[in-house]
């Protein structure tokens, strides 16, 4: 891909990501925020494709946009009256937070700009990254894969335990 | 001899222990134990004296403690000085104790009384027998302790316990000098054994410093100016105690100390001078105070102070033997005076001389013995006091201390006056106060000792008089003391002033020839004398009160500042905790903010440390 | 190729935006949203690094995939807790959760 | 001695405390008598130490050594020399006295006596320990039972006093641990064995730091001015038994440690800082004496007097001559006996009159002549009356200190006058005089009380009259200390 | 690499725990209500079996799964400590009325234990992150298990803060990955060794430290601790007070000295700072507490501070000392929590004043509590002292004397607040003389800990030789 085209795409996506995330953060309506979160996640998936990580991109669309956002919306429904509550805190806290976060981000960015990531490699990505990843799941990464399944199990049970209504006996 | 020597000390100690345990049960019978012990001691003392007169010396020694090459050797040392003191102490003690049987009759703590007397005597004996300064100091303080207990014997009486406290503390102040002197002596000489110390030659400054410091001990114990204040108050004790302690033994300890340490004093003319001056001041001052006192025992007390001043004066001017001789004679006539006074008090139940009067007819023996004592004290020619006082004045005269000589002479005049003032007021004239109307002579246990003392007061001076060739003095100095020819001028002068003083007292108190208000009560000098030169007041205002104030300040400082800091630190710690807990506001986003701030600070700090950025 | 620092800067900015959300939103669910923004910024990092640093391997992508799974699990648990809060207090306003302090 | 005698003595009270738990808690009398028996057995076990001690032998005697935590060179090493033996024996004796004095404890009796026995383990251990870690353990172990004894059975303000005592002394000694560790790592020996460290001496550049850590710990324990303010609170609030132990033994732990640890392990620093220690000692003497004068509470007065007297011991240690050190060690024993006796008597008096206010006392010699007389005796012993033990120690300290610190010694002598001042005043107002009309009738000393005081009186007199046999134990050990340091 | 090449024995303890977790979970679903009582015992058996299989791994050093999972000394000891303390918690709660179903409760604990064990063995960023999540997710749920307002609040706070910490940790991990292209610790160290130190590395290190510091409750990442200690159900708090921390410390010991060895001075310095701040803040704020568990929460923060000293030292002696201290601390803290469990079971409140006169009502509980508190102070004769001895000796050995000094001073002042509890128990009279009775397993568990605390305080040699100290 031509650098300039990809740069345009990058900048466009970046702008969309920033805007949508900002909307999530400052939006007054929780439902809208959820929608913008979905958009944000999709934009991120776009980045993944740009970075030729197709599988991750696909998973992003499925898992996040399809799963997480739906679950979150579900949560919003359950706490229905909560949609239009006060979303943002007092001015003092806001200023303080903005200063601190700006400082952190500034620090991070300035430090990144000074860092040379000296292991940058210009090697080509393998053609079939999906099957590579699939193979890795079953070989090198089998242990985390198993553990994460346990994790999901535990989370599931846990979520059920605390979310269920009392009075089961 | 060693065996007997040990017994002399041990017998009273045994008596003390026995009485301490059984005293309460034995009651009045306690006196037998005590008196038996001291009489045996007296007999042995005589034996010891004879032994010494034969030229024998004895010494017991054992190591009391030993640290590295520092040995403290305790023991008992018998020499001329000791022998004389032994006899005096045991004799006076024995007689006083016999007297006490009558005087203390019926007291509920009589067992304890005799126990204390025993131990007091033992301490005094140990003191005179000490061959080592530490041992001497121990005995010295033992004497102090038992005088404390005896003065405070009637401790329910506030005045008595106050007097005891005062006696202890004031003498203790003097002892500080003594202790520092001992420390210096140890540091310079490396030992505190007397014979070793006396064999050494010190620089005059060193010897002078040490001597004067040691002399401070004597100032306290022998009630020299300016630490004489305790002794008059100490008359709060039972009269036999006054007689024993304040006439013959305890107060003599200071004189004895100087005499014992004489080789050291002699190495420093300045120290000798110091002793002489202090002695003179004391003698004169006490005599003047005695002029205005109306308490019979206190007159005697000040007279004691004055006479002790004489002794010091004698020692100071170099008349070593004369000083000791005066101690010897004084012991008898002063004990006599005290016991006689005790007899009077016993009869009248008062110590005020103006409560008495005309007792001469009713208490013949007492009157006679008191008068004999008075005459001896006044230095009436050919009585014991005359010979010894004369010797001291002679010593002053011969040593060229003319000021001291004249003051001494003047003091002799005053002495004669004040003691006969008492004699005339108490024994002549009409009875004053209801008790003196129907008094009786004291029982035999009391009067017999009086008679014995009277005899001694009359005659004891003879052995040191020129009539016997100054036998006492030459015995003391081991024959080396040059036998001097009597100086009739001095003798005559001292005899004359004594007569003059008695005569003046007779004019004033024995007759009505002089008007009663010859001296105005508003007279400054009179006021000064009545208030004893304001020494007590001075001490109270400039020593006792400031000490209390400083103590109170120290305590406040301790509580407020030092402890305040401690508690303040604790308080601040807790405050810090209370303040710091406020960051846990309960708002979870605040926590997250803190975490971020922490992260930012750590990033900056780490980059700095590693020299990045 | 687009410089790596572009991605890093972007992810840092997104991370910051997410943080702002976490620190300022009073609604617990909104905070969950913000956390998701942050998680995705981290994932963006991972994938970018994977592309630039280890293009021949897929470890960065693997990491990102695992993170997605974890995010899902967290959301599940988080939502459950929020539901319980809501049931107990009829509110999920963080400022009302203030029993425990000091 | 072919059996581990020190270990047996030190831990016997622990066994005793456990045995005590077998007795039902309401059988109060059995508990008391058993405790007495246990402590008496302990004392009896200690007697062979006196006979078996070889005077003049340089090494630690009855030493036992066994690896304990060998990984870092911690060993169980105990032993006694002429300096620790007298204090060890003093501990054994005073505990017996304390048990007798604690007969009047009515509440939670079993707990009290168990704690007392625990306490005994700690104090004996400190004097016997020859390994730094062991030493430190015993050192701190004392705090726990003491805390409870003050806190549960103490006076009105007991809780405050107990915590203050604990935290103050703990904070003081906590740094000691760092000091010990610094010695361990920097000495190059990798051992906590005090004897070995003594032989080498510690001269690392950290020595000053190490010295300070120890100094603070010991100075608080002694206590020296200005870290003494826990003492009046603790001593006054503690029950009689606690006061006796604290004044009699615990304070000796500090002074003993000065000799054993600071002088012997850190000789260089000791010589450098001794003048400052001496200054503090003299300040303690005068300051505490003055403070004592201002007291209206008899027990507080005794407490401050204890601080003042400890100043003499510290002066003797700081002066560091053979005579002064001998005096200091002897004075430690004396102070234990005398101050212990004073607290004992104050306690007995309090049991009768229910007050310690001097102004509310008075005329006790009329009401209770024997007890009053004994108080006078103890007061006199305390003010250094010759013929009693206090004098011997004090005069040796003064004689020995002058050559090192002339001026301080003279100031210390003046302290003696202040001492006399407040003690004689106490006698005057509390013992002599007329009893106030409000005072009831009391019985005089009973047999148990008399027996508890008697050994103290006898020892005070014995040391005072003939100190040679006692110094016989101390002097060679002091000599060794001196030789070790002076090369 | 294929699965047949894996040394499954190295994973045995984890497999056993996982198996029992599932068994217990199934038991909850299918067993009758009465027989569910035995689930606790099954859990105990599982923990014991895991511990037993762990002993078989003692001294084994192996790395499995492509460098993701390593068995080594640190991991083994911390796992053993974790299993022992968890077993004691389970033993203590056997007869305690749980708020959840027994099976749910015990299986969640086992899941969390499993996560912690993986954390202790993780030598790969991915593995570490997953393991960490596996540890905390059940912990959130357990915290919330009371399902009342208090429990919910605490759980939500814990969860939110935990998520933020996780995200920051993750972000740091991505940066570390970006710098090296590796996720394996050894590989990271390898790569980092070759180049200059980049500032981003510092950022990565610190962000990771936030995540792990959060787990061990180091200031300023400690805010959850007092709330959770106070608000979680007592059995849960008991577990959270000790178990999960083991994982955090194991991860720190693995990650920093191995992966980040090139910037050792930086992280050692940061740990020193955190140590000082944690112990000081923990101790100071604890002074202001009136709730016993909150007090213990702050005390736990202070103890994290002490433990971090071992990391500031940054050598093996320091780590071993830290592990030893962690064990003795865990025992004492757990003991204290179990005593609180016993008293709350009897209906005694949790304010410090509610402990008034406990020494009369339950002498042995009071003794045990006092001993645990003394051990936490670090008084000699109890295990805490030996722990501090080693910990501070490590500091002194590495010329961090100032740190040791601050540590001991903190220990000394910490007595000031522990003593308030002791004071109530011993110096204050109880309002009622009713005797507290304790269920047998709980009592047994407390006494076991008591014995261990005393034994380790007097003769730690055997134990020290087990952990090679």
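First chain written, first letter: the chains are A, B, C, D and E, and each begins at residue 1.
Throughout what follows, a contact is a pair of C-beta atoms (placed from the backbone, for glycine too) under 8 Å apart; a residue touches a chain by one contact, two chains touch by 3 or more.
All values reported here derive from a predicted model rather than from experimental measurement.
*Asks:* I need the common contact partners of subunit A and subunit D, sorted by label.
*Replies:* B, E
*Asks:* Between A-C and A-B, flag the pair that has more C-beta pairs in contact.
*Replies:* A-C
*Asks:* Which one of the chains is farthest from subunit B, going by Cα centres?
*Replies:* Result for the farthest chain: A.
*Asks:* Nearest chain to the global Cα centroid?
*Replies:* It is chain D that sits nearest the middle.
*Asks:* Which one of the chains is farthest from subunit D, going by Cα centres?
*Replies:* A
*Asks:* In angstrom, rounded to a whole number, how far apart do the mean CA points of subunit C and subunit D lie?
*Replies:* The separation of the two C-alpha centroids amounts to 65 Å.
*Asks:* What whole-number Å value describes the gap between the mean CA coordinates of subunit C and subunit E?
*Replies:* Distance between chain centres: 26 Å.
*Asks:* Would you mind pulling out the distance in Å between where the CA atoms of subunit B average out and where those of subunit C do?
*Replies:* 97
*Asks:* Take the average of all CA coordinates in subunit B, do the same for subunit E, and state the distance between these two points in whole angstrom.
*Replies:* 78
*Asks:* Hey, what residues on subunit B touch two or more of the other chains?
*Replies:* Within subunit B, the residues that touch at least two other chains are 570, 581, 584, 588-589, 592-593, 596-597, 599, 603, 607, 613.
*Asks:* Quick one: which residues in subunit C touch 2 or more of the other chains?
*Replies:* Subunit C, residues with two or more chain partners: 4, 8, 15, 18-19, 22-24, 48-49, 52-54, 59-60, 62, 66, 70, 73-74, 77, 80-82, 84, 94-95, 97-100, 102.
*Asks:* Of all residues in subunit E, which are in touch with two or more distinct other chains?
*Replies:* Those would be 126, 130, 133, 137, 140-141, 144, 147, 155-157, 160, 164, 178, 180-181, 199, 202-203, 226, 288, 413, 416.
*Asks:* Following the definition at the start, I'd like every touching pair of chains, please.
*Replies:* Once each pair is checked, the touching ones are A-B, A-C, A-E, B-C, B-D, B-E, C-E, D-E.
*Asks:* Write out the stretch or stretches of subunit B touching subunit D in their complex.
*Replies:* Within the complex, subunit B contacts subunit D at residues 63-68, 70, 134, 137-142, 145, 152, 155-156, 158, 161-162, 164-165, 168-169, 172-173, 176, 179-180, 182-184, 186-187, 547-548, 550-552, 554-556, 558, 562-563, 566, 570.
*Asks:* Can you list the subunit B residues touching subunit A in their complex?
*Replies:* Against subunit A, subunit B makes touches at 589-590, 593, 596-597, 599-600, 603-604, 607, 613.
*Asks:* Mind pulling up the subunit E residues that touch subunit C in the complex?
*Replies:* Where subunit E meets subunit C, its residues are 125-126, 129-130, 133, 137, 140-141, 144, 147-150, 152-157, 159-160, 163-164, 166-167, 170-171, 173-175, 177-178, 180-183, 226-227, 230-231, 288.
*Asks:* Touching residues of subunit A toward subunit E in the complex: what are they?
*Replies:* Touching subunit E: residues 107-108, 111-112, 114-119, 121, 139-144, 147-148, 150-151, 154-155, 157-159, 161-162, 166 of subunit A.
*Asks:* Provide the residue numbers of subunit A that touch subunit C in the complex, in ascending order.
*Replies:* 3, 6-7, 10, 14, 17-18, 21-22, 24-25, 30, 33-34, 37, 40-41, 44, 47-48, 51-53, 55-56, 59-60, 63-64, 67-68, 71-72, 74-76, 78-79, 82, 85-89, 93-94, 97-98, 100-102, 104-105, 108-109, 112-113, 117, 119-126, 129, 132-133, 136-137, 141, 144, 148, 151-152, 155-156, 158-160, 162-163, 165
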